[in-house]
Amino acid sequence: MNDKFNEECAVIGVIGDAEAANYCYLGLYAMQHRGQEGAGIVSTDGHGMYAHRNMGLVSDVFNTESIARLPGTSAVGHTRYATFGTKDWQNLQPLVANFADNSFAIAHNGNLVNAPELRADLEKSGAIFSATSDTEVVLHLIARATTEDTIVKKVAAALGNVRGAYSLVTMTYNRLIAIRDPSGVRPLMLGKVKDGYIVASETCAFDLIGADFIREIEPGEILEITSDGQMNSSCLLQKADPAFCIFEFVYFSRPDSIIQGKNVYTVRRALGTELAKEHPAEADLVIPVPDSGTPSAIGYAHESGLPLELGLIRNHYVGRTFIEPKQTIRDFGVRVKLNANSDVFRDKRVVVVDDSIVRGTTCRKLVKMFRAAGAKEIHFRISSPPTTGSCYYGVDTPSRDELIAANHSVEEVKEYIGADSLGYLSVDGMYRAVKGAQSNYCDACFSGNYRLGTPVSTEMKTGNLHLNQPGKPSR
Amino acid sequence: MNDKFNEECAVIGVIGDAEAANYCYLGLYAMQHRGQEGAGIVSTDGHGMYAHRNMGLVSDVFNTESIARLPGTSAVGHTRYATFGTKDWQNLQPLVANFADNSFAIAHNGNLVNAPELRADLEKSGAIFSATSDTEVVLHLIARATTEDTIVKKVAAALGNVRGAYSLVTMTYNRLIAIRDPSGVRPLMLGKVKDGYIVASETCAFDLIGADFIREIEPGEILEITSDGQMNSSCLLQKADPAFCIFEFVYFSRPDSIIQGKNVYTVRRALGTELAKEHPAEADLVIPVPDSGTPSAIGYAHESGLPLELGLIRNHYVGRTFIEPKQTIRDFGVRVKLNANSDVFRDKRVVVVDDSIVRGTTCRKLVKMFRAAGAKEIHFRISSPPTTGSCYYGVDTPSRDELIAANHSVEEVKEYIGADSLGYLSVDGMYRAVKGAQSNYCDACFSGNYRLGTPVSTEMKTGNLHLNQPGKPSR
Amino acid sequence: MNDKFNEECAVIGVIGDAEAANYCYLGLYAMQHRGQEGAGIVSTDGHGMYAHRNMGLVSDVFNTESIARLPGTSAVGHTRYATFGTKDWQNLQPLVANFADNSFAIAHNGNLVNAPELRADLEKSGAIFSATSDTEVVLHLIARATTEDTIVKKVAAALGNVRGAYSLVTMTYNRLIAIRDPSGVRPLMLGKVKDGYIVASETCAFDLIGADFIREIEPGEILEITSDGQMNSSCLLQKADPAFCIFEFVYFSRPDSIIQGKNVYTVRRALGTELAKEHPAEADLVIPVPDSGTPSAIGYAHESGLPLELGLIRNHYVGRTFIEPKQTIRDFGVRVKLNANSDVFRDKRVVVVDDSIVRGTTCRKLVKMFRAAGAKEIHFRISSPPTTGSCYYGVDTPSRDELIAANHSVEEVKEYIGADSLGYLSVDGMYRAVKGAQSNYCDACFSGNYRLGTPVSTEMKTGNLHLNQPGKPSR
Amino acid sequence: MNDKFNEECAVIGVIGDAEAANYCYLGLYAMQHRGQEGAGIVSTDGHGMYAHRNMGLVSDVFNTESIARLPGTSAVGHTRYATFGTKDWQNLQPLVANFADNSFAIAHNGNLVNAPELRADLEKSGAIFSATSDTEVVLHLIARATTEDTIVKKVAAALGNVRGAYSLVTMTYNRLIAIRDPSGVRPLMLGKVKDGYIVASETCAFDLIGADFIREIEPGEILEITSDGQMNSSCLLQKADPAFCIFEFVYFSRPDSIIQGKNVYTVRRALGTELAKEHPAEADLVIPVPDSGTPSAIGYAHESGLPLELGLIRNHYVGRTFIEPKQTIRDFGVRVKLNANSDVFRDKRVVVVDDSIVRGTTCRKLVKMFRAAGAKEIHFRISSPPTTGSCYYGVDTPSRDELIAANHSVEEVKEYIGADSLGYLSVDGMYRAVKGAQSNYCDACFSGNYRLGTPVSTEMKTGNLHLNQPGKPSR
């Protein structure tokens, strides 16, 4: 089921607690769904910074020993989704730089629209980039804000020229600073651990370590927390209207997280309720596409009064790769992960609920599998509007050409996937479920309304440094 | 959620198809839930046997190259649950032996009650054991049946003195033989692939490769299939009443498998329906413990009319180990895998449905977590009777001392786990859901009725060979 | 320099010392030159046996933890050269079997000429083989000697029908038994550690752990040492004339080992002395092919009065594989390991000394390299006679077809390698250097005199079980 | 034998040949003795730069695939000795930076005396360092030379303020630039490959790939080679007297390399000759400490007329770590690598020749081992003067406190190591052997004459970033 958008990162930071590095590790563990390719933690004891970063899942990157070598009461952490392959360790975060009398660590979730231009300018004036990430651009800008006398002022100055989505957690020897871009595109949450404070992309990170959720970091806020527990909130110089990513509600965030005071599961269930109102179906039962479609399917089933049944069984042991047989097996790529339970489908009219359709390839295979399992009618229902645009604000999406709904009508999509009917939730329905005003959200992937602008070139300029990666030709 | 019984193995065999090894690989992939510690496939091209076996998940053990080095149109495969640790490669299956003019491969699911005695006798007469498995005992007995002139007769003779549960798939250069013990404790299914036949523990293996399910191998049946597609069915000499493992319906088998003509998901849903009838609750909603409790929870919700909600969110990226913080986090071991979604629990009276309680430790942590999440009342419901006995027929279970229901009344268990009420499905209710007569099943883990007998010593005699394993002292 | 014969194994055993496993480990470390593909140790504490075996170098197979999990005061060890590839873990030794009231571990250096026949007989009577090694044949024979009442008698009876070369170290819960075949083809040495005794293939193993060398195990001897330090020596039933492998002196053994009371380095130096007498050369200097040719080159230089110079420089960091450039580099395969030092060769007439020529390919490349380095004349001298026969007694040799001297005259070999002259040491000269009577040695690789017979089929029958190995097709 | 100085790096570069990356790989392979901890290659095809770098030996870091992903006709390579541990991948070279319209790769051998000050200045003005190496300082200085219009001028300007030893190989899309510091402390050689040119630290790299040696890069030279084969030589602005590292002759360089027109083996042999003249001994034979002492021992033997014998046998399979027994074994650390061959030592008066003594610990163990082997008298001879100073110019040396000769008289060292006599070659004798004037060399480690100055602080300031390393506490 790789036919999904991929969130690019999670960030976390802890200050004032002897378990800082361990809490970061556990928080990243809980937020692994936001990036599975690499992870890192940098800690400080007030005198030095200690880093451990590597490619792989959080559970592979860290062990008791590596955590033990991250001393101190402050730490920042990061987990990432890598578009460039599996050995791309130069882009691992958090990054660290040294100032005259301090060190500075930074972890970033988001994407800067004008990073290539900023990078080119920096290179022209002699800056050196060791990797290809946006975060390195931010780090350079902060390092060069030498006329500012506090780290908060440096950060504010540095971000003055930056355009795009960023939730940053940064750390010096004695403070943690959390920053959210003026539009607040990506989430960033503040919590309380026993002896200190914690910030993280999602509240599910707080639950695992027993931290109490305090509040969201506000869009445009710079929240500075000192190692003795003092908190100062200030504002970025740039101002903008809020534009929180609506897709965090639709798919990205974990269902048990809380965003804008709303439980994600509850919102998704409501998306299903609205979907049932907008697109009812004469059917016998409702089947979720696990796990992304399950909350909406529950909402749909309740609203429609149709029984919910588990028609698709997940294989919990799917590895990263598998060997296909020579003789083609129908719908193999989907079947290895999900199997249609014939007893449920046989002679039934089914409503199948998923959160989104990206390329349509998976849906098409599912529909075939359902028909082979004996389904009489298949009514596909999607708990979000047609995805018609790529994301430039921190999500790995296929190019517009590959988005089926960008180039085809709903009727054409229905024909392609082979369903008897297809219903997408309307934009209005989506906002009814979210109980929010459209003006407060970024829904560019549905509406094409890129409120933070688009990159001049959609291709990331990386100075033409190609890092060797297994399984992928360099050019 | 390791507080479960563990199935010890899956077996598979294919004959007469050029994709034999690949089908075995994919079938094992689909049956990975029956054993995650090691896997192996042996193939034959009529002249030699080719083996690849290793510790690890199926997806780790095999790759394109290792499958390519398993030529021929017949193959048998095995995946195992290892009680002895992760480097115990001597116990990997299938095993292979050479006869005068043929070779013989064997894969085994089950457990022999009199293996220690058989083994001691064999050792006395000069047999050498390279590992500690029951399967090696069977292999020796077959190899020593030198007076029999056909492989089927050898197998029949060898199994004459064997007591216990066994579903065997064996292979010579030109035939595949599937055998099921006279009681038919473990499942074994026959299917059709394009050019040949397939046998496997569960039908979900057939679905992945597009094989057609033909029928079950009967209890006590020896089914011989030749490489040119001829099939001969005969009977074991020993006779016994059927005693199919009821726990395959309750927990072990994949929900999309079919056993005794019944879809496992449908049976589990019915277990939930019966549970709701026997143990209704004044409550607001029904919450499954994923994934084992989900089908029964759906049944319970339907029967009770209470809404089903996802109150527990799984972390899909839980590694084999994780680093606990120094300062105790409440219910950490459960929390790292499942998080209670507070928005669902807050001020609610909830029915929580799971398939079984083994030690009770996990349930106790869940109840605590639900209370912390705001639940007003917690009504635990279990879709099977109290588990009061260990299994000696192919399942890794804790000793009787550790089974909470073996030593405590339901009321005491309720107190221990801290629920407001606790209801187990009755034995009668279970058989109503399964729609079968108790006399045809083994339910020793619920009833203590060990119909195939118990071992003289419950400790497996292994000749005192200790294989070095990481993380575990040798003595 | 892979153009050499490869010794197949080293064996070791310690009894009566708390450091038994550690001493075995260190002894194997010192004898790594006898086999680099896999290693294993089995220890006993009198109650059970504890095994650790794996593919790889001794330093990779063992670490502090794995040694710590080998408790007890007795242990046996083995290191092996694998002809079948790198994942062939089923053939790792020591092997272990269980008898009625004891366990039995065995490690073997050598090769049995009639193993295939013995194996076929055993299989006919129901014995099962899990791998392809000769050692398993011996183990079966011992296990089946059920009418004998002591382990020594069992061993003697079992070996009654065995023909070939074997130096065995075996162990039960309370004794260590060292056995050498009646001809004493492979070495086996007895030594004293602080609290107990040690046996090993070579005395260099004693040096590393500070053990005192006592004496050789005699050809045909069965030496039993009990855990309380009692020693009983008896004889095998089969009798034979001595036939110690002369190639142990020429190449296999480490130069610091002592065999038959002779220091190997001193013998090799004497081979060089005899070589200088038999094949003097008008030359300017003597150059050893490191490291195998160095001792003889020193002898040659002394005897001839010519100065010894280091003309070939080893690269000490040669990995198992290397990537060749597309454009052919002259003599690349040799050059990556050895470089000719032009300053030494330029305009010089050189004598180059090595211990043997197998296929001739390396010599040919060396000669080319010497000429390119400016050598005026190249006189190749070999400190052993032409190798004209394969070994069937425990050494991995190419087939006779590939042995250049088996199919070509010395003059033809000289032409092939491109030297100005070529001189092999004569058989008589070799025995003069060794100071032994030819009748006491096996020199079949030089003389074709196979004193222990040859296998009926030179192809090892392995019951047609092919174990999957990377980089090698199964058939 | 870790009681040696460790060279920190080798550098290499190829331009104008389709095998550029492969030649770099092979050259690094040949120069592995200059650094075993990590390696990297960056190639360019004129449009982009392609990098592959990792920790480990060259043979582990590269394989056919990684070389294939380094396209183009130019490449630079680096192998390094890491003082900071084995996972310190941030310090891997070559480094790459992007300029306005070009990219720039750099590989460095040497050490900058004023790197900490330069780094502090750069950080103050906003430069970011991702690791701790001197090379990054140079890279920043070049990147910031924005007012210069050619890369050669940038390099010259950047190096104007740099003090210390550096042999640099740098690369842009269309040129290779080799630079050697004004004193020419570290070697750097120019050669010709089929279609282009090559530069490398040692000529042994040329031999492996069949390149022709042209000449040395001169001290203070900037040699620019364009991709179409044009060569321009210019000079660094800073001027200095030559100060080539004499220790390259004594120990660092491979014996088959040529430096200043002199073959290293021949020089080392001459050091032995001078040593024999200065420190003759009444003895029976000469024994080299392999491999570093062998050339000098040959010279000593020739000059003295004493026979050379192999008294120390190397274990060729020593891994990075080994498990010591609990009960102390005498001289274990040495013995695991070298064994004294008793037959050679017994009742003999021996001269033992090595190249240098650092801490004296190894010599002391060797002497004990020789005595245990029966040596009557032990005359230790060292083919260089007493090492009394640490190196600040690119070599990893212990601090002065640990250098035995820095704090003890020769008589005291003799007593400590336990030899009957000890003779160091004099400074004059060393220069006689090298046939060079002392004024042209850096011999600070012998004389304390630090001609390029010493660092203000001998501790490298690294901004207090601690990179997690196995087996070493972070603080």
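The chains carry the letters A, B, C and D, assigned in the order they are written, with residues numbered from 1 in each.
By our rule, a residue touches a chain if its C-beta (ideal position, glycine included) is under 8 Å from a C-beta of that chain, and two chains touch if they have at least 3 such contacts.
Remember, it's a predicted structure, so these values are computed and weren't measured experimentally.
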item: Centre distance in Å when subunit B and subunit C are each reduced to the mean of their C-alpha atoms; value: 48
item: Whole-Å separation of chain centres (CA-atom averages), subunit A against subunit B; value: 37
item: Sequence positions of subunit C contacting 2 or more other chains; value: none
item: Chain-level touch network, classified as line, ring, star, complete or other; value: ring
item: Chain-chain contacts as defined at top; value: A-B, A-D, B-C, C-D
item: Sites on subunit A touched by subunit D in the complex; value: 45, 47-52, 65-66, 69-71, 89, 95-100, 103, 120, 123-130, 136, 139-140, 143-146, 463-470, 473-475
item: Subunit B-facing residues of subunit A, complex; value: 18-19, 22-23, 25-26, 29-30, 32-33, 36, 57-60, 62-64, 67, 194, 204, 207-210, 254-256, 258, 263, 265-266, 269, 291, 294-295, 298, 302, 307-310, 313-323, 325-327, 329-330, 335-336, 339-344
